[in-house]
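Note that the chains are named A, B and C in the order they appear, and that numbering of residues resets to 1 at the start of each chain.
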Amino acid sequence: MLASLVAALDLLGVAVFAATGALTASRKQLDIVGFALLAAVTGIGGGTLRDLLIGRLPVFWVGQPLYLAVTTAVAVLVFFVAHRIESRYRLLLWLDALGLALFAGLGARIALLHEVPAVVAVLLGTMTATFGGILRDLLCAELPLILRREIYVTAAVLAAAVYVTLDRLAVASDLVLLAAVAAGFALRALALAKGLSLPVYRPRPGRDYPP
Amino acid sequence: MLASLVAALDLLGVAVFAATGALTASRKQLDIVGFALLAAVTGIGGGTLRDLLIGRLPVFWVGQPLYLAVTTAVAVLVFFVAHRIESRYRLLLWLDALGLALFAGLGARIALLHEVPAVVAVLLGTMTATFGGILRDLLCAELPLILRREIYVTAAVLAAAVYVTLDRLAVASDLVLLAAVAAGFALRALALAKGLSLPVYRPRPGRDYPP
Amino acid sequence: MLASLVAALDLLGVAVFAATGALTASRKQLDIVGFALLAAVTGIGGGTLRDLLIGRLPVFWVGQPLYLAVTTAVAVLVFFVAHRIESRYRLLLWLDALGLALFAGLGARIALLHEVPAVVAVLLGTMTATFGGILRDLLCAELPLILRREIYVTAAVLAAAVYVTLDRLAVASDLVLLAAVAAGFALRALALAKGLSLPVYRPRPGRDYPP
């Protein structure tokens, strides 16, 4: 049962990130090929970086055309229905939040299956969750989401850290994944709904003469 | 004969993309080392991404210094003669078009030699063709070419798709490559000469009450 | 003795580049997770690219949590003490200069240990030295350092070329590394202190009728 749950969440993550890529393409008024390319890059970018770094080659989507079929289908769908959606940017942010939480948990899971140290698994989960969105924003010359004030990367770190911690405590693995995704999504949702943020660095005047 | 045709087209693609990198360096008034770095990154960037994704490591230029010799020679040449060229930006666009078509066909070819599914080969060909230019534009903080109105990525998709389709139909392989490159270049040339573009996504007011 | 010298210089390079990432995070007023992510990406980015290109997988930091521990500790330290520093940008530039020289030499060394051709080792050293900073600037939407007027990439090329040349001349290896780092740092320091630059490309009017 776990295997199919993981596979379903994985495809869901690819689909929602692909949708954010296509919605960004709609903001930039690209043609349908631009939609398809941005959907593919955003949907599979994070997992691709993870696979490269741990040496899991060829990367996951090269042998399984289903992933590209999903991102392309999502791109075509968004191209034809996006104009019916009232607030595309709001939808983009919420889908991105879901993808962020899913990929942070799934990325940490795959990293642990490759027996990397805990701190490395947390970073790999975070990178899996954020790299697709980073590529999307770079390719479209948008302000990178990681520079935004509200909690973003932190939600991915939380999801990955929850997964790694519960896994080390030998909790049954399918609950672990759901708990990790729920924690990451809840934090990002709070940030989106309430404008929640961590204290940021603020420059203060240097103290020339300590007391 | 095919092997030498492929090798010649491959070096031609590297050289013309290297020239676009060096021409971009001239627009940014860099020094000769900046010319050489941008020529190298643009010339070998696309094939490098392709090799990473399919796990063909070390990547192609690591064992063959000829590639870097070509990009460096092109950079030095452009540094000293670019001021004689009347319209450097126009030349950059046309060389980029040629490199785009060459690398889309060659990238799809190498992907198929690694026995990836057809849709994956089309994406890998497209990435091989576009990634060098994407890196060039990112490094120079130029507006990414893929955001431009005229057909660009689509020409790479066409070249890669023509290669994959004819290959599946078991057409003799050297004609396939030439046909793919010709198709991609012709489409991009039309786009450049006539301002050809696909219909883009246009936001329309939502229809609250369908008829 | 060489092994521990190399290991120490390697960690020093990671730490100083991590500090430049954290200082950039302070300029962007990010939260502490943003500091940690930028410190990690800047500190390990260059070596990661080098390892990917030569197929040394998984990349170096995946099996050794010490690297991420160092970048995270540096990030936390900078978050709490950066406001005491009078000129953070000046400090950033000098730490970046040190990291640049260290990673150019170390990158060339690892490339040669993998028996790549000399010109390839110079490029790999240069990429190791510059890619972390490129990622830092891209993620923060800063003007890329490689577009700056003063000598930058050239200092990395010099350090890598000195390493490769002395290694080919069979000079004892620990002196080679120190000489390469010293040469690269000295050139970049001159550039920073004196505003030294190479002659840049300057567009001149075309000559319609050669004499």
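Just so it is clear, a residue touches a chain if its C-beta (ideal position, glycine included) is under 8 Å from a C-beta of that chain, and two chains touch if they have at least 3 such contacts.
Predicted model, so just to flag it, every value in this text is computed and none were measured.
J.: Regarding the chain B and chain C pair, does the interface count as same (over half of residue numbers shared) or different (under half shared)?
T.: different
J.: Write the angle of the rotation needed to overlay chain A on chain B, where the fit uses Cα atoms and the result is rounded to the nearest 5°.
T.: The best-fit rotation has an angle of 120 degrees.
J.: Between chain B and chain C, what is the separation of their C-alpha centroids in Å?
T.: Averaging C-alpha atoms per chain gives centres 28 Å apart.
J.: Can you tell me which residues of chain A touch two or more of the remaining chains?
T.: Each of 52, 57, 138 in chain A touches at least two other chains.
J.: What residues on chain B touch chain C, complex-wise?
T.: 25-26, 28-35, 37, 40, 48, 52, 57-59, 61-65, 68-69, 72, 79, 82-86, 138-141
J.: Would you pull the chain C residues touching chain B in the complex into a rising list?
T.: 52-55, 57, 114, 116-120, 123-124, 126, 134, 138, 143-144, 146-147, 151, 153-154, 157, 197-207
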